[in-house]
Every structure is written in C-alpha cells, then in structure tokens.
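Pasting a structure below so you can have a look.
Per-chain residue numbering starts at 1, and chain names A, B, C and D are given in the order in which the chains are listed.
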Amino acid sequence: MTPLLFIEQLLNGLQFGVMLFLMSAGLTLVFGVMGLINLAHGSLYMIGAFAAAAVAAATGSFILALMASLAAAALAGALIELTIIRRLYDRDHLDQVLATFALILIFSEGTRWLFGSFPLFLDVPAALAGPVTLPGGIEYPTYRLTIIVIGFLVAAGMFALINRTRIGIRIRAGEADREMIAALGVDIAKLYTFVFALGAALAGFAGALVGAIQSVQVGMGEPVLILAFVVIVIGGIGSIKGAFVGALLVGLTDTMGRFLLPQVFALFMEPSAAVSIGSALASMLIYILMAGVLVMRPRGLYGVS
Amino acid sequence: MTDTVLRVENLFKSFGALRATNDVSLDLRAGEIHALIGPNGAGKSTLIQQITGHLASDSGRVFLMEEDLAGIGPAGRARRGLGRTFQISSLAMEHTVLQNAVLGALGRRGHAMSFFKPVMKDVALLEAAHSALDQVGLAQHGAVRTADLSHGQRRQLEVAVALTLRPKVFLMDEPMAGLGLEGAQQMIGLLTELRNSAPILLIEHDMDAVFALADRISVLVYGEVIATGTPDEIRVNPEIRRAYLGDDVPL
Amino acid sequence: MSRETYLNIATLAVLAGVPLWAWMADEPFTITLATRAVIFALAGVGLNLALGLGGLVSLGHAAFFGIGGYAMGILASHAQSYTPLIEVPFVIEGTKSMIVIWLVAILASALAALAIGVLSLRTSGVYFIMITLAFGQMIYYFAISWPAYGGEDGLSIYLRNDFPGVNTLMPMQFFGLCFAILCLVLVGMNLLQKSAFGLALSAARQNETRVLSVGMEPYKLRLVAFVISGAITGLAGALFADLNRFVSPTMLSWQMSGEIMIFIIIGGVGRLFGPVIGAMIFILLEHVLGGLSEFWHVYLGALLLGIVLFAKGGVIGALAGREKAHD
Amino acid sequence: MNLRNAALAASMALIAATAQADVKVGMITTLSGGGAGLGIDVRDGFMLAVKQAGRDDLEVVIEDDQRKPDVAVQLADKMIQSEKVDVLTGIIWSNLAMAVVPAATAQGKFYLSPNAGPSPLAGKGCHPNYFNVAWQNDNLHEAAGAYATDSGFKNSFVLAPNYPAGKDALTGYKRFFKGELAGELYTKLGQTDYAAEIAQIRASGADSVFFFLPGGMGISFLKQYAASGVDLPLVGPAFSFDQGVLQAVGDAAMGVKNTSQWNKDIDNAANAAFVESFQAEYGRLPSLYASQGFDTANLLISAMDKADVADADAFRAALKAAEFDSVRGDFSFGDNHHPIQTIYVREVIKEGDVFTNKIIATGLSDHVDAYGAECKM
C-alpha cells in the first residue's frame, strides 16, 4: 500500500461522505423541524435521478437535467407534503414509518410503471468525463472532484440559509417551539411545505448527481436511505452540522474499511479467507460504528435532548 | 437530630451558566410539613428532582434515614421510601384510576416480574390501592380512565399513588396548583392527615395554604436558602420581605 | 363480552375454518397460505409485545425471525447430512426434532434480543428505531457473507422436521401444529397483558417518570419485554423455515421487519389479535392483489396509507372501537 | 407498456383456449421489483415460443415471485398442490432456485431452469427431473478465464460481490485463468460506489480486470471505471452487457469483452427467426434471458412431441435428447442435465444508436461444467 493509494482512498471516502450529506441534509432538516421520519426520502432521490435521466435523454444537457431533478423532486415533495405528510406531523413515529413505507411502495412501482423495468441511461457531461491529475500524481475522476466541491458548496449554503437568512431564523424557531412561531404570525403550514420541498430537492439533486455514475433504476433509493439514516442518527437528528460530520464519518469508515480490513486480516490469515472475512466485516462496519456511537451518546454526536 | 428523616447537604446544580441550586442544605423531621417557597425559577423543582434522583447533582449529598443516596437512581430512591407528586400530573393516562393505584402498590412490593397472575385480582395489591384511593376521596372513581379525570382528581390520584408506596417521606411539588378553592381546602385537609404517616417536603405557591400548614418554611431565592424558620419567624424576617416579598407587600 | 372479544373469536374461527374447508375441498395451497398467515401472526404477536405494550418501535425484529429460521436450518441441515454441529469440546449433533429446534430457536433469539436490547434500550424514540435497524442490518450482512450455511443462497431442507404423532408433511397437520402454538401464545399473551408485568410495562410506555417514581426500572421492564418479544418472533421464524423447508437471509432483511410491523398496524397496535387479523389481511391482499396486476405494490401502498391516515387503531380499532381499559 | 399488456393478453387468451391441456407448466419468475427486467425477458421469450408452436395441449401459468425465496416456495407449493402442474420453470436467481428446485423435483415434477444454475444442483444435488437449459453458474466465468489466458493476460484483478454466486464466479474464472492474480476483492452485495475498488485496481499493477457484478452493480461499476481513467482491459460474463442494461451503461461499455453462450448474430436459421420475431412481437431486441426462455419452451415442446408427460421416464428421455433447434446452434445435455455448449466472447459495439454485442471469438468449445463428476444419478 502506497501513501498515494491511501490518499486516493481518503478522497474516495470524502466524496462518498459528501454524497451522503446531500442525501441526509434534507432528511435531518425535516426531522428537526417537523419531527417527521420520512422513509420515502429515498424515493425522492430516485425521482431526481429519473427526472434527470429523462431530461438528459430528451435534451442532451446535463445542466438542464440537474435542474429537472431539483424541480421534479421539489414538486413531488411539495405534493406529498400537501396531501399526505402534513397529516402525519402529530402522529407518533410508528404511523410515520408506516405511511412513508407505503409511499415507497407507491413511488417505486409507479416509477416502474412509467419507465419500465430496465435501468435508464444518465452519463456524466463530457466536460467532466475522465480523470484529472492532482498534485502528487494522483489521477482522480473529474466528476468525483466536482461532487466533492458541490457538496461543500451545498453544505456552506445550508449553513448560511439556516444561520443567516430570515427563513433560516424561522426554521430554527420552528425547531425550538412550534406554537411560538405560529404566535409570531409565521404561516407554519407554508414553512413546513417549504422545508419539506427543500429537503426533497436536495435528495433529488443527489440522485441526479450520483445517477450519472451509478445505475438509475427502481429501488436505487433504499440502500442510500438506510445509509442516510445511519448518518443522521450518528450526527444527532435535526442537526445539519451533525449530518455533515456524520456523513463524512460514515463515508470514510465505509471506504477505508472496505480498503483496509481485508489487508489487516491478511496479516494473520490465508488470503482468500482474509478477503472474505474482511469484506464481511467491512459491510457491517458502519452499523457497528452507529451502534457504538449510540451506546456512548444515545442522542448522537450533536443531538439535543 | 435523631428525628431527622431526610437530610440534604450542600446540593449544587448548574445548567450552563445558570446556578439552579447553590449550596442548598435542609432537613425534614418526623411528623412535620416543611414548606419550600420562593419566586419562580428559584430552583425549587430542581431541588426536588435532585432529591429524587431524576437529576444528577453536581455535588452535595442526600440522606434518607441516615443512608447516603449517592449513586442510587430514582427507582431505587422511591423503593427506599421517597414518595413524590409532580408539578404537572404524571400518571399512566390510558390506565384506570385503580390501575394507577395498583401500579404504586406494585412498586411497594418491589418488583413486577410476575407474568401470568392477573394483577387486578391480587387481593393484597387491591387492598392497598383501594385504601389509598379511599384516603384521597377517589374511592368512587376506580374504574374511570385516568385521562377522563378532572384536573383536581388527577392531583388527588397523584397523592394516592404516592400513598400506596407507604413512603418514609413525601415530596410534593405544588399539589394545589390549579385547584379551585374547594379543591385546595380538600388537599389541605388531606395533607394534614398525611403528615402523621410521613413528613412532607412541600413546594407551594399558595401562601395561605403554606402558612396554614407548614411547621417550618425554607425560602429559596436564586438557588440559595436565605432563611429557614417557623411561619411566624418567616413572616417577620425583614430580609425575606426585601428579597422575596418586596417591602411594600403587606402580609 | 366486548365487541372486541366477539371479533377475536370470529377471527380465530375464520383462521381455523378456511383451511378446514380447503382440506375438504382438496385445496392444499389454501392451507399453506393459512399456515403462512398463522406464522406471520405469531411473529407479529411477538413484536406486538414490544411495540404495542412496551412502545418499543423495533425495526430490527427480522433479526429474531431469521435467527429462529437459521436455528432450524442449521440443526436440520446437520441432521440431514449426518455431520455434527461441533465436535470440540463436546459433540453436538444436528436434529430433526421440532421440539428441540423450537427450544433452540427460542433460546438463540432470546439471547440475541438480550444482547441487542441491553445496548439499544439505552436510546429511545427515533434513535431506538434506527439502532434496532442497524443491528438487524449487521446480522443480515453477516448471514449473506458467512459461507458455512449457504450465504445468500440460503439453506434447503428436503423434508419437514418431526413432531411426535404428527405427519408434518401433510399441510393440514402442520397447520394444526402452528395454529395450536399460536393459540397457546395468544393465551399466554393475554395473561401477560393482565399481569403485574403487563401493567408496569404499559405504564412505562405511557409515562416513564411515573414508573420510576414508584420504584420500578423501565429499562428492566423493557429489556424483559424485548427478550420475550424476540423469543416469540424467533419461534415464528423456526416455524416459517419449516413451512418453506428453506431459510435464507431474506428472512433477516429490513423489509421483513417492516412487514411484521405492517401486520400489527393493519390489525391494531397493542391489541391482542391485532397481528393475527393484520397477517390474515396481508396474506389475502398479497394473494388477491398479486393476481390482479404486476404493479400490485401500488395498491398495497395506497391501502396501507389509507389505514394509517384514516383508520387509527387498525381494523380492530375501526370495528370494535376504542380500547377498553382493562378491568 | 402496451406491448407488455399485449403479451399478457396473448398468454391469457392462450390459457383460455387450451381448456383440455395435456401439459401444464408453472412459471415462477420475477415480474415486480428491482430485478423484474430479467424475469420479463424470460417470460416473453418463453411465451413467444409457445405462441409460435400454437399448440392447444400446452398451458402456462405465470406467477411473480417478487425475488423473494419464501414467496417462490409458496408459489411452487401452489403450482404443485392446486394447479397440479407437470413442469416448473422460470426462476431467475440461484438462491430462489435452491429454495424451490430440490423440493419440486423430489415431488416428481420436472424443472427446466431458464437462468439459474447453482453448483449444488449440478453436482451432489443433481436430480433426474432437473434440466438446466441456460448454463451452470460457473460457465461464463470459466470462458472468461479461458479468454483471458488466450489473450495473453498474465496478471488479473478479480472482483465479485460477497455472496455464493460471487464466490463461484471467481472460482470459475480462476479455474481457466492460467496467470497470476494481482488482487481479489469481494464487494458488498448491492454496493453502488466502487471508487475504493477502482483505486486498488489502479494501484495493483494488473494487466486485466475480471468482474462479476450483476444488475445495477455492474452498471455503476462500468460507469465509474470509465470515468476513472484506468484503461486496463475488462472481461466479464454477459450479465452486465445484456441488451436490457447496455443502454443504461452507454459509452462506458464500448469495447468491453464479455462471454455468452448466445448472441443475436449467431448464424443459424432458428436464431435469425427468433431475433426477428421477438422484435416484431415486443418492439425491442431480445436479450440473453429472452433467448434462454425461448430455448426452454422449445425444449419442452420438443419433448411433448415425443412423449407423454404422464410417462415420466419417457418424457425425461425426450428432454434429455434435446432435439430442438436451439438459437445457440448445437445444444446437448451432459450426464448431469446441464448444457454442453460453446461459449463465445463478445464485444460491445454500437449499431446506429443502439448498443449491442458482436461475437469476436470462441471462449470454450463444447464446454462441460466442472461438477458433473459429483453427480450420481
């Protein structure tokens, strides 16, 4: 193992983490402000990817595709918020889990009904295809670097939105005390719709970005959804900062685990068994991380009780 | 000091920069009602929470019958004889009144690890529960769902549940809050009865009740006990008039 | 008797009557479906103890379902191939005896529930949902990549295991066995709900502080409930594996956890017969809707949504009204 | 959509028209959820052959297993107990096949596998009533290994998901690859990000990469591999390069070598007719899975011509003879009822706007799987 490879893997972990952050930010925001567990967040991610693939196929423009993903996911988000989700705010978590699980079924099969059973095509734009050479001689895919940059920009934007803008003040006030901000004359229903649509748009955007280097298919949202939950639980539900730290932690743990564990086991086992056991343990690693964090800090790293 | 049941020594608790309790010491003697008064935010409820173990103290010690309660959780302290009522009713709302009382009796028994015997047919538990409900005047309401009780009845039930534990000490956090005149009178009568079975540490805002009931009064301001004494002593203490009641308030 | 009691009796009658009719009409597959409903109901009854009575929303109960299944699969596969399970320090042989398998399944899933519960119950609310999900996923990935017992392919057992005096290969007899177990567990659960433990556990769900203040530890109550709950779901897993003569990591997946939860919600959370009615309806839906359209999940989703949004208390809640406080 | 409905309607009509069917076939396949594309292709290929045969003594019952083993087992029970089928077929996934096949054959039913070929069923667990019309799972990987050796690769990096089929794949490749292994990796099943694996490939000093990542995993891997700038030649089995998925991979798959027992350009009359009629019927190019479904139905029909299904021994012998015009050209069964067939090497090309494959070499001729010796029947 060379230092270069190690650094490249760190970059990979970072990129994976940033992608997870895009997915988790909306989820944690929605939970923090409205107290809602939204399992259908993964479906919004899928909707973004499908919208992007459809628009890219029709127009050939990746920028338009990204915009379509934002619009489609935000629209879908606003739509389900207005019709279904808002009835769930006062319900217990169990009802929320079930209702949004039902939404997954509807969205997944509905998408398959519209687009068929085969994966769709969505490619990285030509300008970002191929690798760039980084200082030190690391060849790294341009597109992945772009994702890292976009992820940090979105993170910065989210912090600014929450901490610097009027709407952010209202969101934070809503987290602290619902009645209070209603009493202050803020239209809480509109605020909730906005927050939910914002979270949905972020998920859809992540779906489109990631769809370009993965497979755009029905069911693509659920594995990422579970990872996103791991992220926000580690970070502390409701905390954007927690989501950011949690996402990077999960991204790095997963990537480095997959990379290093088989090699560690190879030190004292025969190679094929080491690969097998190392990989098995690597696939469990983030869940072990999450359980460990929760045992130490039952409300996550940045959670408030 | 042999008749001291509960003793609190040098309790501290801070929330960030806020000192909720600051070096609080007091004691509770057999047969007495010791009232704790002070303005809102003086740290009265915090002190109760520290005594019951719901809040961990930053430092200081609590003794019940000379036993140091350090390291014992709220359940353990309740089993050792700390019975409490809450500022805001804390009951199993979906259960009936009787079930809540039986729950208390079950706590007195010390464990609930009985899986197949119908608990509502356990004669010993029922007896304890009925007698407690009787004492607070809820005998007729055993089958009512707790959520359907009036506010005053819930306060009474709180007391009844505490009674079933046959505690060595009652810690009562504003038992009269929100009760009407009549309800308050009933509660005063009830507390007067109760002091014979166990002493009461009473937090109360109703000054008429406090001065009518209490044997001793401690005044808590900004987390500190500024005075302890009989009602008459407290009534005339100039420091209290200044700090708490305000000079111009006639009593 | 309350309306709920009538409803419960009717439920049992339908659950036993349908396969009886199918047996006479020579429709063995209907018996198999009914057996599936009975086993899912049993798994749901297990989860309902934690979820309904204890308020512990566990999204990881598939772990216990699967562990029960693997208890059956591992023991029976060793018996099938005449190889001992372990040889050092002492020999443990596989077995085809259902009774032994059930005991092992109960023990193994109870132990797993104990380990998971000790850690998970330190958290509450959403964190509890997620940490149970995490433990479930851990076991799922372990099962997939553990090569000894088939990994993702799972384990096939050629013949059902043995129970004295019963020909378990006959669908009706195996149904009867499962049905009897379900009834026994329901009786036990009914007693448990009315016991001191049930009272304290449900009080802890409603108001943790109250239980603490009368000197009981909600943590202990919940841990015991979680262990019993896991054990029952584990037993259901062993039966399910025997029904299919097959066990695989699918039984451990989070979707399985979700399904068990769905039974309870459809029927009614915390109701004794909630999971029974829920499982029956779920099987019926799967069977009827599945035949209607390739996209039957859409209808299932819409139906679930309708139940959650408009029929609070599930089917029993809608039919029998608000839960009567126990005498 | 319309086409799919039309296909369904056609099969329904067929069922209705064949009230006094002689042979009843139960097809359990994946028609909903993530892996539905494969099941739909198998079904469409199978039903095309049934339709072309136009027989009124053949009835097909189709059910969706949702890719869940327990559902598949239930459906098998239903088909055997209630529908009283004679022949079962349709299962796509090895783990579902392992759940269904042993029990079905033990009950005297015939099972014709149109896709899955797990090694236990080819070896110790073989059964006279089990016929695999596709391949033993290792076959395509073995051919990939042989091709890599023929191409002069000395140092391969191999990766597959960490589950039994993945392990079989690497075993199969290594069985016929004579060079060294530069690295060996098992990925998480369902994994979608391969940056870490690609980085290791880059650093490994390998001269070629073999991968088995079915479904969405392969699409993700290929796209990410193409973007990484690593330009080592890729070899893999046909599953990640099939007609259904190829369009989703796009340019990233261009030029990749993959192994398959079938391609649409195999030169024989049956194949040409199949490709043309499939396109006419469903409006898309047939896939590998469709070809397997088509062959499975034709094998069955050929046996029906020669024997009565009620006479199990005669029917078994008729199946074993495999006297039908396979779209793959020569086709026969080995002693363990698995195909003896030629496996080709294909290259991904673009025809107009459509990505597809072209045969460039023969990987293994008349290849027999490795497990036959363990099969005692």
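Annotations
Just so it is clear, a contact is a pair of C-beta atoms (placed from the backbone, for glycine too) under 8 Å apart; a residue touches a chain by one contact, two chains touch by 3 or more.
Keep in mind it's a predicted model, so treat the numbers as computed, not measured.
The chains other than chain C, kept where they are, group by touching as follows: A, D | B. Using the average of C-alpha coordinates as each chain's centre, B ends up farthest from chain D. Just to note, of C-D and A-C, the chains joined by more C-beta pairs in contact are A-C.
If each chain is reduced to the centroid of its CA atoms, chain B and chain D end up 74 Å from each other. Chain C and chain D have centres, each the mean of its CA atoms, that are 36 Å apart.
The distance from the centre of chain A to the centre of chain C, each centre being the mean of the chain's C-alpha atoms, comes to 32 Å. Centre-to-centre, using mean CA coordinates, chain B is 44 Å away from chain C.
Listed for chain A are residues 108-109, 112-113, 276, 279-280, 283, each touching two or more other chains. Counting only residues that touch two or more partner chains, chain D has 32-33, 36, 162, 167, 186, 188-189.
Residue numbers of chain C whose C-beta contacts span two or more other chains: 141, 144-145, 147, 295-297. Which chains touch which is summed up as A-C, A-D, B-C, C-D.
Put simply, chain D touches chain A in their complex at residues 1, 32-34, 36-37, 40, 162, 167, 184-190, 192-193, 195-197, 199-200, 202-203, 215-217, 219-220, 223-224, 226-229, 244-245, 247-252. If you check the complex, the residues on chain C that touch chain A are 51, 57, 59, 119-120, 122-127, 129-131, 133-135, 137-138, 141-142, 144-147, 254, 258, 261-262, 265, 269, 295-298, 300-305, 308-309. Chain A contributes residues 1-2, 4-5, 8-9, 12-13, 15-16, 19, 108-109, 112-113, 116-121, 123-124, 129-131, 139, 141-144, 210, 212-220, 223-224, 255, 258-259, 262, 271-272, 275-276, 279-280, 282-283 to its touches with chain D in the complex. Considering their complex, residues 27-30, 32-33, 36, 141, 144-145, 147, 150-154, 156, 158, 171, 240, 244-246, 248, 250-251, 290, 294-297 of chain C touch chain D. Residues 188, 191-192, 194-203, 206-207, 209-217, 221, 224, 323, 325-327 of chain C are the ones touching chain B in the complex.
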